[in-house]
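We just call them A, B, C and D in the order they show up, numbering each chain from 1.
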Amino acid sequence: MTPTTGVWFVGARGSVATTATVGALALRDGIAGPGGGTGCVAELPEVAAARLPDVGELLIGGHDVSGTSLPKRAEMLAQGGVLPARLPEVLAGELAEVDARLRPGAGPATDATQREAADRIEADLRAFQAEHRLRRVIVVDVSSTEPPLAEDPRLDSLAALERALDAGEAPLPPSSLYAYAAFRAGCPVVAFTPSPGPRVPAVAELARERGLPWAGSDGKTGETLLKSMLAPLFTMRALRVRSWSSTNLLGGGDGQTLADPASAASKTVSKARGLESMLGHPVDGPLHIDYVPDLGDWKTAWDHVSFEGFLGVRMSLQFTWAGCDSALAAPLVLDLVRLTARAQEAGETGPLAALGFFFKDPAGSDEHRLPAQWDALTAWCARLGAEGAA
Amino acid sequence: MTPTTGVWFVGARGSVATTATVGALALRDGIAGPGGGTGCVAELPEVAAARLPDVGELLIGGHDVSGTSLPKRAEMLAQGGVLPARLPEVLAGELAEVDARLRPGAGPATDATQREAADRIEADLRAFQAEHRLRRVIVVDVSSTEPPLAEDPRLDSLAALERALDAGEAPLPPSSLYAYAAFRAGCPVVAFTPSPGPRVPAVAELARERGLPWAGSDGKTGETLLKSMLAPLFTMRALRVRSWSSTNLLGGGDGQTLADPASAASKTVSKARGLESMLGHPVDGPLHIDYVPDLGDWKTAWDHVSFEGFLGVRMSLQFTWAGCDSALAAPLVLDLVRLTARAQEAGETGPLAALGFFFKDPAGSDEHRLPAQWDALTAWCARLGAEGAA
Amino acid sequence: MTPTTGVWFVGARGSVATTATVGALALRDGIAGPGGGTGCVAELPEVAAARLPDVGELLIGGHDVSGTSLPKRAEMLAQGGVLPARLPEVLAGELAEVDARLRPGAGPATDATQREAADRIEADLRAFQAEHRLRRVIVVDVSSTEPPLAEDPRLDSLAALERALDAGEAPLPPSSLYAYAAFRAGCPVVAFTPSPGPRVPAVAELARERGLPWAGSDGKTGETLLKSMLAPLFTMRALRVRSWSSTNLLGGGDGQTLADPASAASKTVSKARGLESMLGHPVDGPLHIDYVPDLGDWKTAWDHVSFEGFLGVRMSLQFTWAGCDSALAAPLVLDLVRLTARAQEAGETGPLAALGFFFKDPAGSDEHRLPAQWDALTAWCARLGAEGAA
Amino acid sequence: MTPTTGVWFVGARGSVATTATVGALALRDGIAGPGGGTGCVAELPEVAAARLPDVGELLIGGHDVSGTSLPKRAEMLAQGGVLPARLPEVLAGELAEVDARLRPGAGPATDATQREAADRIEADLRAFQAEHRLRRVIVVDVSSTEPPLAEDPRLDSLAALERALDAGEAPLPPSSLYAYAAFRAGCPVVAFTPSPGPRVPAVAELARERGLPWAGSDGKTGETLLKSMLAPLFTMRALRVRSWSSTNLLGGGDGQTLADPASAASKTVSKARGLESMLGHPVDGPLHIDYVPDLGDWKTAWDHVSFEGFLGVRMSLQFTWAGCDSALAAPLVLDLVRLTARAQEAGETGPLAALGFFFKDPAGSDEHRLPAQWDALTAWCARLGAEGAA
């Protein structure tokens, strides 16, 4: 199958990107095994109805600051049980090809100013698209979570931002720098982390100006996914949630990042936002994200919900979710690439509210309830399918 | 408020009926407290849109074989923490009034033949309606669960059933005898237990013939409720469930009944039916219902779900639900009375598929997924609301 | 039964003291019901062997700063399900008698200097003992948890402390002020909270000087109790614990105090100390204590243990403990009073290492494993029993 | 290291024996990795004090009816995550050597009568010992669980048994046939399954007559292990257990066997026996063992304990144990071989009560509490160590 759609990972050698890359190659080559495509929402008939590009049409490139090669990273993931043992070996050659397409990430070592960094990223993206004759390139941020952003007037409008960059200043957090450069290069963006990325007003304005769609933010893969399904259970049954307490134990790279309280704050806020919105009232209870290195790429979440029923009787629900972070995230990343590519093809612009189904903090929408998000997603897919491809 | 709608409980002195009765009286008198109406789905705007009779318009009567009076039963439930301590005392007089309206249940002691029993029940219902000048009476089965029914050609058609009853035979299980008599008396039926009740073909035929609606069966209050919310989570996310194991510990009267393996079979089948339908494939795993007297009116369910994600990686979800059976069931019983009364008013007949939201084994529908059931319920309510009352 | 042993609660109107007081009165009067004495370790034959004073011989008094009377507090606890509904009413008169014996707690409002406060507390204790002709009085700290203590040379020796007090200074945290005054009055002390109390070197020196025993600190009632039983399971089976993560949700007064991070630090340190000691190596994993007001006097703890077995295979254990804080603590408080009284009678002085069984942070011992603590306790009781009473 | 002690597995190609064999070889060759010997109780100083034969001194043989070779079985276990991926390959040659020593198990295909089968097994054992010049051979039953035994007077005494065998009858269940033959060959026996084995009176009499020790039965590896640690927690704290409900989900070979209700009965009885003994009173609650093939060699147990504290307040403890059956059992099997060999060396005979620590249904002892079993084990080891080797 000829590649038509480029995928440009920011954080291309991280666990999520590596898992997505191995999976995409294995699916393309038909060696993923019977459960290979499990977790790919885009393969469900209600979503496939949108007539999406095939996984086999994707071509992967990206930026990364890590020195560990993609084939090596895949081996490590296989040792941790995230990938089937045989795949890294079978795909070693193809992974090395992808690895050869990766470019050094932005940083003080590579670029004198943010303006120069943005220009270089934009050039990398244009070169990637031209060299492989791709119809479009989707930029996906799967790099480490950044701390929340302080107020900065230079980020309030595109004009203010351009002035600051021209003046040699560096007002953009890395995720937003990539989004800025991507939009300049005519590429849609998928913000899979809670980092600011394309949400920064100046950058969102650029997307609007260039007529580009983007999706975000913060992939909903575990405990928040369950919350977004269980909170509606309580509201549909008129049961009153009194407290909802959550503990998340993470071992992987993301866990390590979140050991830094500033970065954790970003994730915690993103996770908490939805619950109050779904229940219709604030609710007590802590929300912890803890780094437990021993867990490797796995995460375990425990939630305790105390609720009230008829005549005030108190009851409780607890759940424990034990999942593999990268295995949960990777198929959604591929889904988002295919859906965002289709959205661009169909001429959609700005934040893609219909993709809220995938995110903890859905851009362009206040809806956090998974069933309603599913309805919105599948209605949108049906519409795109009916409209026909460009 | 003048009573307009009769509620006739089969099993009127059981935990569920007693809790519903106390709750209905407390809500009518405005003494239920701030969380009193919690769990009443009919109070949600999307359901109230159907323009339902008010809880205060309900007048309660019923049959029971138990000798323990309603006020005494309420005291016992308060001691077990199912009802607020003060209510049985405050409502003692009103409970005694309801108790005075209860009639002895059908049984060998009271009736020579099933025909006679049916006639007597029908007469009780007609007398109740006439005496209190009620627009309609809804019969609600909240009595003990019966064992599954063996094939019997006498139950296959109304004609065959009438012949057998005329011949002095007793082909009907008690739940179906009550449903038969109810329909003869022109009363809609709510089958809140897994017992055969109105599902028996001959009895369902009678409902059709008389143009009466009925709802059933087996109220969805705990572990199955969660299953019907979580199974769609897995299908919407294209995750493959490998096994789903369930343990239910029950202490109450229902638990005791279910200690009898024959009755348990009825419940187990009713609970299991939905999972395969929701997942689209059969799934391994035991389903236990155990009687643990020490738990009283409380039940604790533990479910373990093993599932598979991207590239076949295995993960798991566990939940523990600790609920009060009667407190979960009672508000749904009141909801069903109000909705079924409204359905009769609007001229609906036969099994009310739109009420599948309330049941483990929805009559007239194959849909077990809670979000889809909610959509069906609220669409129906909106339609009834738009049509106006008769 | 004539009272022989006084109990002087610091925090006499708190949940733990109120529950202990109601229980002691109910047991004395023989109205505690069949499960009344459940949780009283001193009633087990191996402990009773020490020939302890009977619960009926205890006479209760104390200090408190709260204005809510003991009978009122008991009613509130009964409403929360901590005490049987009937007891507060039946015991109202006796609770009012205890309440009349309570004295205002130390604080800026009552005493100009710490020296004066200590003198007043000492006088209160001596008056209580004299008035009721008690053989001895045990002072039990069940007041709110204090933050950890900063280094202070004035607390390093009794001489330094006396100089500071004489100079009108206030170097003692409240818990240690009470312990100081108790020892001056010739009373043994039980430190049931993690507050510094008698552990402060200057105060411990005073106990030694006066030949008085004391016990502490921080009652082991829930999650740490389980830890102290389960950690030895892993070591006895040569299984390697890789991480141990704990979340504690508390609703009661203690939870509120611990919402203050400084106080929480005190408890967290006290809880964590034991695990490393029991496992023989440090172990990863967070330890959270969270205040969830909705839980009332109840607490729920979730622990997740990741461990390694043969050839490095990884496995896990999770537990959820849902307990009533005061109901767990109160019988231990009565046990400690009776055991400490017996220790004084037998001439024991200083920290009572044999009572480590009751504490998260056992004074006079490095042993945290519950089975070994049980062996030490019962050996000590057997010895006291053999020695005979004074 | 020269082999001194033979290990003869009945069920030598099963999961437990294969894991134990791979582990023993890996430990001998020093390639087990840092966590290799984890789970080996015999390596703890308190147990090693008995001066046990080294793992490297063990030589493995056995019987099996399965056609799957040991190297193949090891590969399958590695794929299921039970063994490290590299070991089966590295040890392929040594596993083939062990495999070559395995003899066909007893069955209708191999032996005309039980007498002949016993003679053949005895001859196999004697040949194994002679060929490898072993000081002793320990026979370990790790084959499939058998159903409980019906009363049979032919098994009541050795004389009756010998008469029946002479008469060409087949009164012995397979596990007891192996034990009988082992004792005839002068070999001690370890009964790691709940099958009757050496417990049958006639066979136990033979052990006594020949002056041979044996250990059993039913290895305590998971849920029962936890029970034996947690039940003493409740008794030491004088808390009253009201109900204890257990659900065990097993995927492995043992799970499959236990899908047969008759065999499950054997295990269930063995598991339940201890709880009442430890708590001192019978206790409500179901005990389920379910076969869930999807879980492979893993098992998940959920226990729910409802208990009562001070003044009758009710609380609960739940735990979930997710373990790898063979990885939990294998090191204990090696421990038991080494301890039983040492017992024979020291002249011990009959059931080894001191090894109750390892078993659900300890032969020669009524003690089920793990801490007390640990004390008994380590006291015995200290005594053996002090006595010196033969």
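Simple rule for what comes next: a residue touches a chain if its C-beta (ideal position, glycine included) is under 8 Å from a C-beta of that chain, and two chains touch if they have at least 3 such contacts.
Bear in mind the structure is a predicted one, so any value in this text is a computation, not a measurement.
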Chain pair equivalent in interface to A-C, over half of contacts matched, among B-D, A-D or A-B: B-D
Pick out whichever of the two, B-D or B-C, is joined by more C-beta pairs in contact. B-D
Measure off the straight-line distance from the CA centroid of chain C to the CA centroid of chain D, and report it in whole Å. 44
Between chain B and chain D, what's the gap in Å when you average each chain's C-alpha atoms? 50
Any chance you could list the residues of chain C touching two or more other chains? 81, 316, 318, 320, 322
Would you tell me which residues of chain C are touching chain B in their complex? 81, 85, 320
Along chain A, where are the residues that touch chain C in the complex? 242-243, 245, 247, 249, 284-286, 288, 290, 292-295, 300, 302, 304, 306, 316, 318, 320, 322
Show me the residue ranges of chain B that touch chain A in the complex, using the header's touch definition. 19, 22-23, 26, 32-41, 43-44, 81-84, 87, 225-226, 229-230, 232-233, 235-240, 308-313, 315-324, 327-328, 330-331, 357, 370-371, 374
